[in-house]
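In what follows, structures are represented as structure tokens.
Two complexes, one shared chain (chain A), two partners (chain B, chain C).
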Partner chain A sequence: MPQWYWKNVKMNMMKKITACTLENSKITVDGNLIFESESNTFPEFAKEAYKNLELNYPKFHKMDSLSKLAFLAAEMILKDGDHSRTALVLANKSSSLDTDFKYQESINSQENYFPSPAVFVYTLPNICVGEISIKHKMQTENAFFVLDEFDENFLNNYSEQLLRSGKADKVLCGWVELFQENYKAFVYLLTL
Partner chain B sequence: MMKEIFITDYNCVTPLGFNVNSNWSSLLEGKSGVALHKITENQEAVYASMIDSEKLNEEFSKNFENQSFTRLEKMILLSLKPLIESHPVTADTALILSTTKGNVSLLKNQTVLPEGAYLAVLAQKIADFFGFKAKPIVVSNACVSGVMAIAVAKNMIQAGQYKDAFVIAGDEITEFVISGFNSFQAIGTEACKPYDKNRNGINIGEAGAAVYITSSPSETEKFRFKVSGDSAVNDANHISGPSRTGDGLYASIRNAMAEAKVSSEHIDFISAHGTATLYNDEMEAIAFNRMELQNAPLNSMKGYYGHCLGASGLLESIISMESARHHTLLPSKNFEEMGISQPLNIIKENQTATIQYILKTASGFGGCNAAVVLEKC
Partner chain C sequence: MENLKTELKHKIIEVLNLEDVSVEEIKDTDPLFGGGLGLDSIDALELIVLLDKDYGIKLADPKKGKEIFQSIDIMAQFIENNRTK
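On to the complex of A and B.
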């Protein structure tokens, strides 16, 4: 049996319960439009979405853009249900380079040398996973991968292994890519 | 029944040597890579474990024709080369890179993002050089990346996506990282002293490391360590401070040991994270005690190598397997007086021991933790 066939069979044994997409100033859940705004920049869009969705979580405002993106997408899926055994497996292309670039500017010149711990802490891509875990009190398995493009097969295989080994009952899985004005989140909930 | 997964080869590039043997003999003599280095102009020198660039270039030019690689890439390529020479890369071989910052040094004074700063571009460069067919995977989970990369290799081979994997790790000392940890006031003013009463912060380090992992080891392998269990649980507490209760680390160890089917009395040695910050070391002591692991001999390698970020977990796993092979426990360097509120069996001098089960742990920013159980076969 060719290996691709085996992989496909395995994939079909997992269920995708619900999915959220966040791009072009729009949030959709399972194809239904949840929120849309006229804003041109991601920070504006994130702020409007936060207000409109009545998230009421002041920590949101101190997050960097990548964390806001991942947080908003995850919020759509995690707001209901028990997530005490839901793992988080996220990936993107640009790691934390959006914040890395800003942080580097603060240390480029000796005259304007102002490294900030509040910015530095976001120069790791897995911080967004930490933010989601804190919000939903998820002391669960988590992982962050950097890939040159969205590879659903890889993420699903990894998630399935977490489910089969009994380390999680569900996995919030997906892609959270952001660099400057380019962003896209696509996250979904998997079970066996 | 899940496939059994084994580590059968490894190598590392550090200030203490460019292969495992030279590192091991330096460690036996108690040598440390940590020294005062001037990293940033107009800033004070800091204690760090830094690879001599001239020696690195010299070693690299002896081993590679093409010299157009960054310093970090040279560290990684040098560590991987001997493994590739003894284990063929096939279409089903994974390349898994553990790093936090990759070539972040390329960002300095740039107005446009350089391609080389993408972690996937770095991984692809290494993959292309050695002719990997599968797309490389980058694990970037702060300071637990190296430990987690071993777990990812194990899990993806078990899932059937790959037959074997080369896990590589690398992070280098940069102005970026030094300034950041400095802004947190996390950098120690002397050689770091994990778990010691007078500890006052970390030393940053740098290293390249590589491990070969397979489900079907050949008969000719020099050694085998089974990757028996793994887990990586978040604290869900704070993005830059360790949990006061050690919840995430405790759960990670518990899950990894459950998967490995071992209990606390089986653990012969713990290679802990031990960064020498007040809060990290205390958190670890709490987690280990909750698991009743306070009697297992334990060390932190940070006194020898500093904190090599994304490379630390893989490098420290390699040294702990080397410990098991040589039946020798290494002391937790610079530890003198107990500085944590709970008891731990911190190793004080070289000692002979039979080591079958190793517990390797790490914790990092974002509330992440990771644990693996390695079993000497």
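On to the complex of A and C.
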């Protein structure tokens, strides 16, 4: 059999349990609309979603927008069940550029030079993975990739290796892109 | 002094993004750290920036924050004694 055949057979053995999409002020889980808002900006939308979904996690308000996006999407999938053996594999295109710019603004001027420690800690894209891990007390494998575009094969292959190595029973996998007014999250839970 | 305490509470809520906390909930003698506000070490650094930016007080030693940020009462007294703006 050609190699591609076995690759497809292996991929078919992985199961996508549930998926969440977050874009255009809407949250959907497995195609079902969970929350919708009239708000025009992501910060407003995130705040409304947090309240409406009764997430009750005050640290959410301290997060940068990328972490809020990843957190909201992940929360829709991880809110129930034990995730002590769930790994995290996320990716995006703009890395933490949205927050990097905000931090840059705070150090642009010599006369008004007040770098914010609270903003600085979010000037890495994988911090959002850490926020999800803290919330769910996960001490599992995690990775964050910066890619030109959403590459499901790449992410699934990486996730599959984690699953087959026995390092995780499930992998929360997906795309969490945010820069200025544009945002989209598409995350899903994979298992063998 | 009472005005300064109220001003501090407003600033702390704003700067530390304590969305679910109201000014009335922060008592003057309540511990700012290790209490109900759930503040962490990054918040302590952010308060040091607040002292510098809004009151012109530069803390050379971040460890000193532990004494100053014990409560609103102590923080307000420290600002009153050391402010340059």
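We adopt the following convention: the second predicted complex is superposed on the first by the 185 of 192 C-alpha atoms of A that agree within 3 Å, B and C clash if a C-alpha of one lies under 4 Å from a C-alpha of the other, contacts with A are read in each partner's own complex, and residues count from 1 in each chain.
What we mean here is this: contacts are C-beta pairs under 8 Å (C-beta built on N, C-alpha and C of every residue); 3 or more make two chains touch, one makes a residue touch a chain.
Since the structure is predicted, the reported quantities are computational estimates derived from the model, not experimental observations.
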Using the superposition on chain A, tell me whether chain B and chain C clash or fit.
fit
Pick one for A:His61: touches chain B only (first), chain C only (second), both, or neither.
second
With both complexes overlaid on chain A, does A:Thr21 touch chain B (first), chain C (second), both or neither?
neither
Regarding the shared-chain residue A:Leu97, is it in contact with chain B (first), chain C (second), both, or neither?
first
Does chain B (first) or chain C (second) touch A:Val121, or do both, or does neither?
both
With the two complexes superposed on chain A, say which partner A:Thr86 touches: chain B (first), chain C (second), both, or neither.
neither
Using centres of C-alpha atoms, tell me the angle at chain A that chain B and chain C span after the overlay, to the nearest 10°.
80
After superposition on the shared chain, which partner residues are touched by A:Phe144: those of chain B (first), chain C (second), both, or neither?
first
A:Asn108 contacts which: chain B (first), chain C (second), both, neither?
first
Tell me which partner touches more residues of chain A in the superposed arrangement, chain B or chain C.
B
Closest CA approach of chain B to chain C after superposing, in angstrom, is 7
Share the list of chain A residues that count as touching for chain B in one structure and for chain C in the other.
115-117, 121
Where on chain B does chain A make contact in their complex?
2, 40-43, 92, 100-102, 104, 107-110, 113, 117-121, 123-124, 135, 137-142, 148, 152, 155-156, 158-161, 175-176, 179-184, 231-240, 247-248, 251, 255, 259, 365-368
In the complex, the residues of chain A that touch chain C are 47, 58-59, 61-62, 114-118, 121
In their shared complex, chain A is touched by residues of chain C numbered 16-21, 38, 42-43, 45-46, 49, 52-53
Using the touch rule from the top, collect the residues of chain A that touch chain B in their complex.
3, 6-7, 10, 88, 93-95, 97, 100-101, 103-104, 107-108, 110, 113, 115-117, 120-121, 123-127, 129-131, 133-134, 136-148, 151, 153-154, 157-158, 160-162, 165, 167, 179
